[in-house]
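You will see two complexes here that share chain A, one where it goes with chain B and one where it goes with chain C.
Presenting the complex of A and B:
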């Protein structure tokens, strides 16, 4: 039982962590928390199932097409819901615009795809029991994403430009960095990461339109607890959350596990609104 | 319709002018109500159902409007409270737990439960910012539905439970409609009383200028608890009525879509308005009915509407209906203060004690922003505080106002003032203005000034809800005082204009008027002359001088050396968080170190 708690806990935890990284990647270049993060995860599963099961494409093409489609949704998010409100003095408008877009995505999926969970194909057929691919795929995806991001941020010029914009938007623009293009690129990247989360977790979560809000919330919890923009916090928090949730699931039942996660979330946030590894608030006066 | 909210009568204006102002605001509400009351003439029960539903939704939205539209909190998950109210009423009326209770008793208990949970859902708003709070309310909405699903013994789980039956004469479609309409009219009346009271103004102050709200003595926690209690209670009552309308409820009835409807109704209507969200609620309730083929797309429709509102018309319906503020303002207007009126405003009894700062040390990380500062501010004097950028002038004001808690030292006014705790300062008679004016742009100038009189208000929230005499007395005296303060600073012509239409220099004088509402013993002015024209600075100087003659101690942070040397009785020069020199303007003007460090030569 311990093994299965760990296996499923780490697997969903890795999905949450990836959604957390999706939030962070969008946040880094725009200071916007987008409600579309969870929808991207949902879409990763739906696109994967659509391309591979309904259209019968091979897994590699299916993966690339899913990531591409999700990256496109990421760019649409930037254009429709983020860019128009960035200039606004009202700090909270992005909450509403991204919420609206997220709901539109979800509703279109429900109507055009299905309101029932649809199966997601096996990719490799390797492993069984607690080593089934549905458990290790998300972990591998999460590991690859982290390694890829590290490479991007440390070794490439584009990655460093990302960091520069994330660190100080104004200074980066003063240096002549193409801030807008970098923002679009980061939204595309975030879209692909969210899509990967859904694709890798497809066999676990299935291709289901209602996964969006769920992933939104459980992906946000590690970000909120770890501190905004902190990918390490998101991964540690995500894995811990997954294991905690699955343990509670096995021990006290599903509904109480969501109550437990919610209570934990609120209590920690009330005690440390900046997250456990976050920076203190800016001055107000 | 009981919406005959008391007109606010200016002390020296004839009473019928108040009516002329109020009537256009009340008329649309009355018209809507009469229309709904006459519906039985159609003898069409389908319309009774739709109207009843709209009325029930409005009972919830009216309360939520105070949270979202006035306090500016993004409470997306209010369906949680509807669910709670629906189940509490149904369970108590059905007798699943206790012996069956009469429906109205069950409704009353649901209201109490809703009030308590309203606070539980809402309180994270005190610590969490926008997105976080939105997420928290969303999470709460999910949890409540899941609990309803799991707690089979009480709620019937997925199978559900019958809604409460209404006693006669409310057990027919039309009787029930009238009951819901009466409740809707009551909450309309009550929330518009709140909106036009010091509570309503305090809410928008917290929303748009929270720093200024604290300086005026508004305690956000107390205010929010009050509002969450109220909106939670009415939301739960709406839930009870909803359950009765549905006749049978399952957790599926409480979709997130419903939550969205409530939230978007407020935003479509526009923030800080009652009529706007009411129209929004009606539109959103009717929309899926008249566009039946679109029913499956209703969430999409709501979301698209939300996006359009956010991107294209953030002011909502209320901004469309705001004809008064489209008239252009006179362009060559001048601010002509009347310092002679100050005596009437600042009636302070007896000579006050000085305010003293002793050994104040404040560090940010390794930087000693204030490094052992002593300062004496005498009542009835203008005390100038000058120094180069970064010398700690504004920081000193912030320590006095309680925004920063110093690591060492104390601020004394008779007794030591609490460290931090900016909301306690107004009670000590300490008022202030800000380097960048902290004004509620969406409120009228007079409302902004009236915010300054928050602690003078006597009426409790419940008295305000029901517009009892003490509330009306409060409003009359606050408005009279605010008009007087505006006359004193020379802005009475602009009293009813939206504050964001004013020029920067005018906003500075609005802030001074707001500060005068407190009848301050000490007035802290943070660069009041910045951005003013030369003649305006001169008039400002006279105004400040006259304020100090009334016994108020003025602490003036300013870069205009002329103004400082013209009107100050005493000047302190700061450098690197320490006092460099202290003395009369004449002494400072010739002080060697000051000249080399600051004045330049």
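Presenting the complex of A and C:
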């Protein structure tokens, strides 16, 4: 039982963590919590199934095409739902605009794809039981994403520019950084990360239009637990959430496990409102 | 304009002349059947299947000269499964298109919204929706059910577990939708009433990726059969895969969606679909010889090349044919397409021999489908939209 809890919990937790990173990446350059994050995860699975099963493309091409398509959806999110409301961030209109776009994505997927879950192909056929690839693939994807983001932010000029805009976009603009282009790039990157979450978790979650709201909710929890903007916190929060949720599934059953998860979530936020790994916002003056 | 007594009298005479001409028009005007169909969008699969039967029946009747010279005219509106659209379409059918009877809607959510509207307009309505409260001869005297109710499905599943499989300990599992929760409650109550032991009951979110915890609990509780009430094929396929991974051969018995073609693409291997029994119908089940009962075997042969049965269910098509024919027969028998004539005819039916079933209605009973004809099918045995009977039924069919 313990092996099953760990295998399934860590796998689902890694998917939640990747969606948390998607939230963070979009938030960093725009200060907007975009509720399309979960839908990008859903689309990763749907595009993967579409390209590889229906169109018969090889897995590598299918992966690249899925990430590209999700990156494009990320850019569309920025243009359609984020840019128009940036001037009045304090009114939190982005909640409505991003939720509306998320709903549109979900409905179009339901109509054009299917309302029933569709299969997602095996990619490597390696492992069985608790070592089945559907359990370790999301963990590998999560590890690679974190490593890639660390490299991007620490070793590249573009990454440093992202950090600069995230830190203070007025100052970054004053220094001549192309804030809008960087924001579009960060949404494309977020789209690709969300897509990777869905692609890596496709065998576990299937290509199902209703996965979007699930990922939206459970992907948001690691962000809040780990601290807004803190990717390492999101990974730890996501994995902990997945294992806790799966343990609750075993101990108290499906419906009550959701209750258990959100009770824990509220308790943590009461104890540490800035998240377990976040620091209170401070600004040097 | 000043209305004089003379003008008024002339106008009144004119109006009465128009009135006198009406019976002649009624003899030739088409029989208008409103067809509320979810043809696109989510949950459109049944609507598409029903529609094939509806079109086939209409073309057959009109091809044979109609009903006493009157053609059948379909007024089809795609509701997309949306109750709001169904309400709008119903009002349009009643007040503008002035249909003689309405067939549909085909899902309970829409039907709950439109049934009271039809009752106010005294519109003859026949539908295949399963929610029990949709049939109430006091509130909705014009509404008739052509398919089984939820209770009849429940009875069939319980009968199969207790009387045919001779099992006494069951686990009842549903999804977390309103339907799943209410169906599990009703099913558990039914099993307990019949003296069975419900060792485990649960409602599971249809998107839950790993169902090992629930099946482990059911096995540890001693379940001899798992009764499933869900329309989520993803959840059902995961349960089948998990059952196989656990090396457990417990039978799954329940909702018709267990036999959905979607399951075939979601299970890890075909054997995972064995020992799964879904609600089915005797009229659309084939026996050991691979053939349907006489009348329906002929129907399938008639449909060959005209109506595609490979991606739908035979009972949807057969039910669509029966619905149109029930309206046509009412007009033919009573010689009128008035509301009273149609509902009066339906209320007088006893074992009307349809393709989907032998319907019986009376002024006090508008659930017309015979419970004995609701049976369990081997879920993985689909052929031309029909299924093999689950093991244990006598007579092979």
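In this section, the second predicted complex is superposed on the first by the 274 of 285 C-alpha atoms of A that agree within 3 Å, B and C clash if a C-alpha of one lies under 4 Å from a C-alpha of the other, contacts with A are read in each partner's own complex, and residues count from 1 in each chain.
One rule holds in what follows: contacts are C-beta pairs under 8 Å (C-beta built on N, C-alpha and C of every residue); 3 or more make two chains touch, one makes a residue touch a chain.
Values in this document were obtained by computation on a predicted structure and should not be read as measured data.
Peer 1: Both complexes share chain A, so when I overlay them there, do chain B and chain C fit or clash?
Peer 2: Taken together on chain A, chain C would clash with chain B, as the superposition shows.
Peer 1: A:249 contacts which: chain B (first), chain C (second), both, neither?
Peer 2: In the superposition, A:249 contacts chain C only.
Peer 1: Using the superposition on chain A described above, determine whether A:152 touches chain B (first), chain C (second), both, or neither.
Peer 2: It touches nothing on chain B or chain C.
Peer 1: Quick check for you: in the superposed arrangement, does A:6 touch first (chain B), second (chain C), both or neither?
Peer 2: Neither partner.
Peer 1: Can you tell me whether chain B or chain C touches more residues on chain A?
Peer 2: Touching more residues of chain A than the other partner does is B.
Peer 1: Would you check which partner chain A:258 touches, where first means chain B only, second means chain C only, and both and neither mean what they say?
Peer 2: both
Peer 1: Can A:84 be said to touch chain B (first), chain C (second), both, or neither?
Peer 2: Only chain B; A:84 stays clear of chain C.
Peer 1: Does the superposition put A:111 against chain B (first), chain C (second), both, or neither?
Peer 2: both
Peer 1: In the superposed arrangement, which partner chain does A:119 touch: chain B (first), chain C (second), both, or neither?
Peer 2: A:119 sits against chain C, while chain B stays out of touch.
Peer 1: First (chain B), second (chain C), both or neither: which does A:93 touch?
Peer 2: The first partner, chain B, only.
Peer 1: Just name the clashing stretch of chain B against chain C, choosing from 149-157, 473-481 or 545-553.
Peer 2: Given the superposition on chain A, chain B and chain C clash at 149-157.
Peer 1: Looking at chain A, which of its residues have contacts with both chain B and chain C?
Peer 2: 111, 253, 255, 258
Peer 1: For the complex, give me every residue of chain C touching chain A.
Peer 2: 40-43, 176, 202-210, 212-214, 216-217, 232-234, 237, 245, 260, 262, 265-266
Peer 1: Help me check something: in the complex, which residues belonging to chain A touch chain C?
Peer 2: 1, 4, 8, 11-12, 110-111, 115-119, 129, 201, 204-206, 208, 210-211, 214, 246, 249-250, 253-255, 258
Peer 1: Which residues, counting only chain A, touch chain B once they are in their complex?
Peer 2: Residues in contact with chain B: 33, 80-81, 84-85, 88, 90-93, 95-97, 99-104, 106-108, 111, 213, 216-217, 220, 224, 253, 255-256, 258-259, 262, 265-266, 269-270, 273, 284-285.
Peer 1: Quick check on the complex: what are the chain B residues that touch chain A?
Peer 2: Residue positions touching the partner: 72, 74, 76, 124, 127-132, 134-136, 138-140, 142-143, 146-147, 149-150, 210-211, 256, 260, 267, 296-297, 299-300, 302-304, 306-307, 309-311, 314, 394, 398, 403, 434.
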